[in-house]
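Each of the next two complexes has subunit A plus one more chain, namely subunit B in the first and subunit C in the second.
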Partner chain A sequence: MTRDNSSTSKTANTLSFIADRFPLEKMNLEHMLAHKEVPVHKMSWGYYTGGMTMFFFMIQIITGLFLLFYYQPTVSDANLSVEYITKYVSVGGLIRNMHAWSASGMILFAVVHLITAFAMKSFEKPRELTWIMGVLLLIITFTFGFTGYLLPWNQIAVNATKVGLQSVEDIGQYLPGMLHEVPRILRETFQGEASVGQSTLGRFYALHVVLLPLALAGLLGIHLLQVQVHGMSQGVDEKPKKQERFFPVFLFKDLTLWGFLFFILFTLSLCIPFESFLPFPLLAPYDAMGATPPGIKPEWYFFFVYYPLELLPFWVILLASGLIGAVLILTPWIFKGSSRKTLTFIATAVSLYLLIMTLFGEQIYHLLKH
Partner chain B sequence: MNISFSRTSQKLIAVTPVLIWLFAMPQTQAYPQFQEFSEKNSGRNVNCAMCHLNGDGPTGDGKGQIGGLTKEELDSLMRARSALAPGTQVDSPILNKFGNEIIKDIGKRKLLELRQNPQDLAKALPAQSDLDQDGISDGQEYMDGTDPLNPEHGDPLKLLLANLNKYRLHVILTFIAVMTLNWGIMQFLKGLEILTRPRQLPKA
Partner chain C sequence: MPALDNFFLIALPYLAVVICLVGSYYRIKTRPMTYSALSSQFLESKGLMWGSLPWHIGIITIIAAHFIAFLVPGLWQALLSNQTVLLFVEAAGLGLSLLCLFGLAALLLRRFTSEKVQSVTSQMDLVVLLVLLLQVALGAHIAVSLSWGALWSVGTTVPYLWSLLSFTPDLSMVQDLPLAVKAHIVLAWVLILLVPFSRLIHMFAVPLEYIGRPWQNVVWVSDRRKEAAPQAFVEGEARRYFVKGGLAAVFGLSLLSVGVFDKIFRFFFGPRLTAHQETELMTTRLSRLEATSSQRKLELERQENDYILVGSLAELNSERGKYFIDYTMMPALAFKTAEGLPLLISAKCTHLGCTVGADAVDGKILCPCHISYFSIDTGMPNADSPAKTPLPHLGWVLMDTRGNQLVSYSGKGAVKGTLSEAQRASARVYIAKAHQIG
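Presenting the complex of A and B:
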């Protein structure tokens, strides 16, 4: 009898939790558009970071679709098709650069969005699921970067992917019991053959252009629905004195910002080919028989974990990554009682770390290694 | 005592030192001094593909390497190697367009001298020479450790300035288009807001 009561109570709690997060009575245009208001205060800029991330995602979809017309996901033709797009397809170079620049923009703003949402305590009840969806979206965004990096099939693409997949397998040695084998199975599943080759390219391509976009679109849909249903979080400790209407005031400001972003993205893509940041030997087509050229490293957005990985024992990074992942997912409960001042302090410290490792990671590595 | 030589003998005597020099040279003639300087000066990784057809250099049996050359290609190689003075159009099968251009512009003799001062190679090349037409001269690309034959590759800041100048009309037109579109969307949203605003009926 007691067990039945307990079970009924748990079910009721779960249903109540879901009903609070997805209130059906608020799921209408009237509530989500006409009545929605956005607080105005010193941290208001944080409300725009999510929209900026979504803008870059839309650019990714549009430019990615154009690239799909010409890209060939085979080891013999991948690099040639990329060269063909860049050299011979009308505005192909521009589209490809926009894809590469906006990928970086999307990751940059996704990280900024997560940090500002943390500092503004936007994970408070009833926004726990919005936060968790956001964390999952960030992981998918990084996976987009990892899978897309292989597609040009040049020296840096293949060699960096080899290093990345090897790191996945290395995790196994630190896991207990049956989990020990999971990373190896994962690596084999993604790699598809003994070494990075055609199967890997095919799988990464499928992930990059079908599975990840579908997963991202689904999660983004729920994330946006939650944002519209629950409205913007208060963002600051004291109740904001001013509010502005979401439609049309905030929406217009958001779209204006997107216009400026598009102009900056267009100008950058037109004037600075993204690959000009890499040494040219790394852009040569991958040669399976050749030696690994020096200077192989991941994209800039992985520097925060790559350079520590080069300097510290693998298990330290693994432990830290596991802890950070758990803290990120459990943030709404761990930091439930924290003040925004404390959260801002943590967010600033994390931002500084990310900034320093991204900009000066290589110098720090050389300084400490030699 | 008068010693006289026939015209053929005179030619033979003149050519002999060159032939001895040519055949005494090792078969492969890569000059790593230039690669080393470019890497050191730019801080970027550079390989033989800056001047050679093959990124691993001229040694070996691969594409653009001496071991894999046909008889006709070997003849072209010998002709390129004998282009001691500047001005000779060469087509060495182990060099890329930039490598051949260097031989044409400064000659093999000068190139060999520059091995002692590889930093002077950029100055020795014509200042206006820009094979990939990316707005950065070939000599500057050598100094920057970037690919002089790839318009998509160069020092990012220099490319930005060169391309801003090249595409200024595109940039201005895009700015106008974005602003116009933005103004249009603003008017559309305003209109939509007015249309959807709840209206109060006049009291009877």
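Presenting the complex of A and C:
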């Protein structure tokens, strides 16, 4: 056999891999809408988590476009323009509050979606790409949170961003040779100047309102196309006895759920300002000359990595996150042979960790530190 | 024409109501089979759906609104005193009357064109249809040309109706109303009069129990139809979902339209501030711009000058540092040592870059972000601090008022030069570009 032969078979393999993931004969409305069925079993609720994440994303787009009318991305005006929206613009406070609450909702449900999809083994062939797109979507969602946090340009925003960017740079000291400088260059690229300032704000703004939404929409398109083409994964070990039609039965249940979510979101945003969880000095406009007020911390959805970062040596966290990232991307191949029981066990352990760190991270930190 | 008014607005109403009640009772008792809508749905159903549904949805809502205004005028008026609600009610009323007109037109067309339906159509059916058409058209006309009827009717037609009900007829509130309104009232009495003589009588036979009873599904038992039964069942379920969801959406949207749309419109319209608010806002905006511009000036100053003034030596002390910005535009603190010399230390925490606090307690300053204490003498952090590397000391130069260098320190090594007591009072502390680069 010659090398030619093996390379042609490799090409053929790649082609058939792609053909299996994007079967053209299934890409029609008939197959993706009319004939699609959703299994009914005790884990069926897992099928709704993705839709809920998307619902919050749509809210983000709409409220974000509203905020775009008044927000001004300059260090002198950013904070004042946000205050102007909250104080003077009709329903401005509500819209901004919805944007904040819905951001949290989107991240919460994205994580729940990931965990349930993992437990239901929804990454099995031919759904590997769906899974990887999902992981990328989650990373983009977190980046949304990180970039959006800076935009109000208050004390906590700028200082938390400083901490975040500095953590990126600190990775460098653990990387060998050529890679040593990469995190510093990355940080300088995102920061744009010596300290977090106008250039940083401009860059974060561009990322938050243009680049990330485009990237997310594109990836989401592929993600959804894959879901509709391959149908819902089975989700349980035994073949489910009952199926329900995706259109209109499941879709209407989905919409009903979104209706409830909207009601909850609306009420929450109307009654509880998202900022009410922070003391005022942290919300004061950023002062480049003054001291940093105490209590700087990231949003709650970063607690799971933030508090361990405070407690453990940096390299441990770095190693762990590197490992977790790799495992997440390679999940479809690593857990190919695992039973759903094992997966559910892992998923439960991870959820427990996330819950405890998010809810009690601060207490654990104080307990161990003092 | 008081005589005509008296006849149409007092005699006719009593006559109509009496005939309606007595006639309907008589017809229901003696000819119960005709006590219905005499529906022709089996003869023709498509046209009926396009006519009957819009007509009944529209007219029932409109009549209900008329009744509420008549029964609880106080509450009605209180509700409508909110401009948004009034706008909504007026717009909804007009919209519904157009819906009714559409439905009536469809019904009329059906009566005129469908052969099957024509065979069961009586003269009275056509009369009723035409009177209804005229009545609704009049209502729509009033809604457009004499707007806010929902509100002015409370002071005109409502007292008139109550006067009739209490057998003390009083026309003073209605006799000067425009002809269209009077015609609308008269036609209403005519329609009531027609009830016992037409299919209008079906309004007494509304199957209200349908709302509460559990739904029923027709399942065929013959073999031929059996297979299709489960499918019909599923489709029925889906349709019910659709109807429920649709109703919820319509209800939600109408709630939204009352509470939200005008606010959203005003969101884009922009706030209209008072002069005071405007001034306040402008002042804040200007002060923020000035802060930014002073920051930029600092940057420029550091690019152009070899020495930057930190402050006079006399104002420094060992308890509370003075913030200044060093050559890299990072915050730093200036203290005074026990020997009376300046002590300049970076205020950028070596952990994650927060700005360290200015108060030195026992010779230590605190980074509030993650609780790192730094000794100002050595720069070293406490052993249990997250920060591991010391805050660097900065070099400085002491000059007298004429700009002569007295003492200098490069950040490392020894202090060069000495300071006399006389010079101490007027000495000023500078940072030097040379030290920063070195």
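In the analysis below, the second predicted complex is superposed on the first by the 369 of 370 C-alpha atoms of A that agree within 3 Å, B and C clash if a C-alpha of one lies under 4 Å from a C-alpha of the other, contacts with A are read in each partner's own complex, and residues count from 1 in each chain.
Assume a residue touches a chain if its C-beta (ideal position, glycine included) is under 8 Å from a C-beta of that chain, and two chains touch if they have at least 3 such contacts.
None of the values given here were measured: they were computed from a predicted structure.
**Q** Put subunit B and subunit C onto subunit A via the superposition and say whether they clash or fit.
**A** With subunit A aligned, subunit B runs into subunit C, so clash.
**Q** Which of the two partners, first being subunit B and second being subunit C, lies in contact with A:A34: first, second, both, or neither?
**A** A:A34: touches subunit B, not subunit C.
**Q** Pick one for A:L255: touches subunit B only (first), subunit C only (second), both, or neither.
**A** Both: A:L255 reaches subunit B and subunit C.
**Q** Is A:F69 touching anything from subunit B or subunit C once the two structures are fitted on A? First, second, both or neither.
**A** It touches subunit C, and subunit B stays clear.
**Q** If you stack the two complexes on chain A, which partner ends up touching A:P279: first (subunit B), second (subunit C), both, or neither?
**A** Touch partner of A:P279: subunit B, not subunit C.
**Q** If you tally the residues of subunit A touched by each partner, is the higher count for subunit B or for subunit C?
**A** C
**Q** Would you check which partner chain A:C271 touches, where first means subunit B only, second means subunit C only, and both and neither mean what they say?
**A** first
**Q** Given the touch rule stated above, what does A:E310 touch, subunit B (first), subunit C (second), both, or neither?
**A** second
**Q** Taking the superposition as given, does A:Y84 touch the first partner, subunit B, the second, subunit C, both, or neither?
**A** The answer is second: A:Y84 touches subunit C but not subunit B.
**Q** For A:T292 in the superposed arrangement: first (subunit B), second (subunit C), both or neither?
**A** Once the two structures are laid over each other on A, A:T292 reaches subunit C alone.
**Q** Superposing on chain A puts subunit C and subunit B in one frame; which of 59-67, 239-247, 311-319 or 401-409 is the clashing stretch?
**A** Residues of subunit C that run into subunit B: 239-247.
**Q** Take the contacts of subunit A with subunit B and those with subunit C, and give the residues found in both.
**A** In subunit A, residues 248, 252, 255-256, 259, 290, 293-295 are touched by subunit B and also by subunit C.
**Q** Within the complex, which stretch of subunit A touches subunit B?
**A** It comes out as residues 34, 86, 93, 247-248, 251-252, 255-256, 259-260, 262-263, 266-267, 270-273, 275-277, 279-284, 290, 293-295.
**Q** How about subunit C: which of its residues touch subunit A in the complex?
**A** By the definition above, subunit C touches subunit A via 234, 237-238, 241-242, 245, 248-249, 252, 260, 263-264, 266-271, 273, 277, 281, 284-285, 288-289, 291-292, 295, 323, 325, 328-331, 347, 352-358, 367-371, 384, 386.
**Q** If we count contacts the way the header does, which residues on subunit A are in touch with subunit C in the complex?
**A** Residue positions touching the partner: 66, 69, 74-77, 79-80, 84, 88-92, 95, 159, 162-163, 165-167, 170, 194-195, 245, 248-249, 252-253, 255-256, 259, 285, 288-296, 310, 369.
**Q** Using the touch rule from the top, collect the residues of subunit B that touch subunit A in their complex.
**A** 44-47, 49-50, 55-56, 145-147, 150, 152-156, 159-160, 163-164, 167, 170-171, 174-175, 178-179, 181-182, 185-186, 189-190, 192-193, 196
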